[in-house]
Amino acid sequence: MVEDRSGPIELAGIYRRLIGARIRADWQYRTSFTLLTAGQMLFTIPDFVVVAMIFDQVPRLAGWTLAEVAFLYGLSDLAFALADIFVSQVESLVPLIKQGSFDRLLTRPMSPLIQVSAEFFALRQLGRVVAPILALGLAVSWLNLQWNAQRVLLTVMALGAATVIFSALWIMTSAITFWAVDSSHATHSITYGGRFLTQYPLSILGEWLRRLVIYILPLAFVAYLPTVVILDKPDPLGLPRALGYASPAVAVILAFAARAIWATAIRHYRSTGS
Amino acid sequence: MSTEPHIRMSAVRKTFTVRQRAGRIRRRRVEVCAVDGISLTMNRGELCGYIGPNGAGKSTTIKMLTGILVPTSGTIRVAGLDPSRSRLRLTRRIGVVFGQRTQLWWDLPLRDSFDLLRYVYRVPATRHRANLAAFSELLDLGPLLATPVRQLSLGQRMRAELAAALLHDPEILYLDEPTIGLDVVSKAAVREFLLQVNRERGMTILLTTHDLADIERLCSRVIVIDHGHIISDGTVEDIKTRFGDVRTLVVDLAEPCPPLDVPATEIVQVEGPRQWLRFQRDHTTAAAVIAQVADQAQIRDLAIEETHIEDVIRRIYTESPATDTSK
Amino acid sequence: MSRPSRLFWQGFGYPRKFGTAGPRQSTFSVWLSLGVAVRLLWEIAQRGFRRYATYRTATLAGAFTNTVFGFIRAYVLLAVYQSRADVGGFNVVDAITYVFLTQALLAPVDIFSGGMNEIGDRIQTGDIVTDFYRPVNFQLYWLASDLGRSTFQLLFRGVPPFVVGILAFNLTLPSKFLTWIAFLLSATLAVVISFGVRFAVSLSGFWLLDTRGALYVLGAVMMFFSGFLIPLTFFPPWLETLSRVLPFAAIVQVPIEIFLGKRTGGELGVTLIGQLLWVIVLLGVSRAILAKVTRRVVVQGG
């Protein structure tokens, strides 16, 4: 008798195959595919160009140089792009429910989250990593820093944590749309808004917003706090440096929260049928 | 082998709170009861029909049996598991075919869908190959395997859905309106397949349908549900007997006559010299009716039509839903 | 007369004048049919308005998100203005007003161009054929519908974020009544220009079948070159010059500059005429493409 629960490795294999199916299906519409991929790259590059143009006008932004902001932007946007590629598909859940196609997912021996991620996987979104990787490359070359093992490790950890944070936020906001159907646009204020916000130093934000993104919606831990530590920058806000190392912990907490909210949403669906 | 029923529902209720408009702005909460105290058991290997008018609670029942919905009260046991708690475990043991929704991958060749399902359900390769070969043969899917699903006709797609639902050797198969919109040939193929699968693999099958020919061809047992209650649960013959055996005498008279007046019969239709007289088996006999017609007019030819299950079911639907006549 | 020019003028309804046979129309009947056409277009615009009015929660959510982005962008620019008092002729108050104006205009001008996918979808399903059988001109139909949508979104997704901006930050509002009128006129023209571009690109659906890719690229281009992300005055001079040659600048940058009082007197008039010219050119180009398409559709039988 086959084991009832799949192990993570097996799940990864199934996921890989499901994504493969999606990619093959999309590839049939080649022109659209190429245009959309180009569009993805185009969409993210302007953000960085805007940053560059700002620094054309002013030498520093809230005490940060272009190289430093480039690093901030690169770290944040790369994490977002990764979360976008694998997790953003949760946004399609509510339309799926409205169509009545969600029930099908519940009859399969796999988490609906993974199924929906594979179902709407879009390879073209890989285009979104180009701009932030470029930005990171440029930042590293402009910054006058020693890239020892510790620094690299911190960066990688920060990137991983940031990806998990964005993913968790996506799942949580989409789960909430189970209750408040049609509010999907509002969730963009947290997901895409979060992306935009984390591209810039925290110090530009008004006091109230700063507090919000540190204590309540932990966007500050995505890029700003880790970057302050990685780049060895004195923090004008005077926040404890330890926070810079805390992003993995925050990511874990948020992941658990996302899991709980998601489970609640599914429970709600199963008792109300909508 | 366990004598435990394969499927058991005990006093299952399902209510929904619906928000209705009360005035221009305010919404009122109304409780709608979709399923109101259903109890039924099915044994392994039964092929059972589940019918009722729209809104009777059929889909809600199926959703609760498959674990999609959780009952408000009552218990459900399917293959020894509680669908509301062990949904994931149960998914391996059941197959579901939703008539209007597909579970296949739309843009890819049919074969790809079958392959992917093998991975999703983790079916051993040999078993999968054997099943696929068997089903392709039975449902004539061989020439279709390379076709993208979106290019299949409805009949072809439904046959494919059936195969897809069974690839992982489920113990129970739920079908929600599987023959809807199909042409006669496809319907026959689907029915044949279900009979065969039920016979050869001992698969328990629960089928909801509006096509009563499905019921007559396939089901040894029929459950009728209306307004969330079971109003009848028995064999097709039982239903016919219990709800009155209605027969129709079709008589061709020598010449057109006004509608004949025969006691205990009802004139349903008159077309020129031909008249349709409906009577109930327990009220009078065919012989008596024929004799009385012969008294009143000259008969050229006649025929007797047996009970149409449509009529029986229609009578059941329109009768009081409160009477629970299940065994 | 050359064929392209004939097509062009036909697009504006002058068949008789330029050589194709047609019954002679009396002045009265021309005015009458004009009146009927206007009335019809008004109905279509209303329908476009009402369609979007049904999405109440989505509109609310959209307005909320627009407001949030407004705040973040405002903070970014405030940080910029800590180092300088003036950038490209904008002071800090101008810049923050600019931010909230772009947030207000983003939905009406459909800067991400997603709305136009409807045409592509209809082409794919084949429903588009019924659009050609309507008594109204295909292009004008979609234009009227778009204007209806745009009005709704300006009122319900545009005004709220702007009002929040006024309350939260120091914004500047036009002091002269004329400026308000000019702004509204300019904004309307901007919507029509935006329509022109989006519509023309969506017509590619008749060849590509799927317009999502093309419109996505257009959205990205429009966002950048319209001055939506940051004012064109922040661009390096060569890029700014290039941007102002393109029609996109007339969609966002120009109306906002009018609002901020950067264009006055004669310059204002010239600016508005410039926008009008873009309208004519873009609609004309679309008509030409459309004429080709109509022939193709009719020949192929849909």
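A, B and C label the chains in the order they appear, each numbered from 1.
In this section, a contact is a pair of C-beta atoms (placed from the backbone, for glycine too) under 8 Å apart; a residue touches a chain by one contact, two chains touch by 3 or more.
Note that the structure is predicted; figures quoted are calculated from it, not measured.
Peer 1: Going by C-alpha centres, which chain would you call the most central?
Peer 2: Central by C-alpha mean position: chain A.
Peer 1: Out of every possible chain pairing, name the one holding the most C-beta contact pairs.
Peer 2: A-C
Peer 1: If you average the CA atoms of chain B and of chain C, how far apart do the two points sit, in angstrom?
Peer 2: 54
Peer 1: For chain A and chain C, let me know how many angstrom lie between their CA-based centres, rounded off.
Peer 2: Roughly 32 Å, centre to centre.
Peer 1: Just curious, how far off is chain B from chain A if you go by their C-alpha centres, in Å?
Peer 2: Between these chains, centre-to-centre, one finds 47 Å.
Peer 1: Touching two or more other chains, which residues of chain B qualify?
Peer 2: Counting only residues that touch two or more other chains, chain B contributes none.
Peer 1: Two-or-more-chain contact residues of chain C, please, as numbers and ranges.
Peer 2: Correct list: empty.
Peer 1: Please name which positions on chain C make contact with chain A in the complex.
Peer 2: 55, 57-58, 60-62, 64-65, 68-69, 71-73, 75-76, 78-80, 82-84, 87-88, 208, 210, 212-214, 216-217, 219-221, 223-224, 229-230, 234-236
Peer 1: Write out the stretch or stretches of chain A touching chain C in their complex.
Peer 2: 29, 31-36, 38-40, 42-43, 46-47, 49-50, 53-54, 56-62, 180-189, 192-193, 196-197, 200-201, 203-206, 209
Peer 1: Which part of chain A faces chain B closely enough to touch in the complex?
Peer 2: Per the stated touch rule, the residues are 2, 4-6, 10, 13-14, 17-18, 21, 24-25, 28, 100-101, 103-104, 106-110, 267, 270-273.
Peer 1: Residue numbers of chain B touching chain A in their complex, please.
Peer 2: 16-17, 60, 63, 66-70, 72, 84, 87-89, 91-92, 94, 96, 98, 101, 103, 105-108, 112, 116, 119-124
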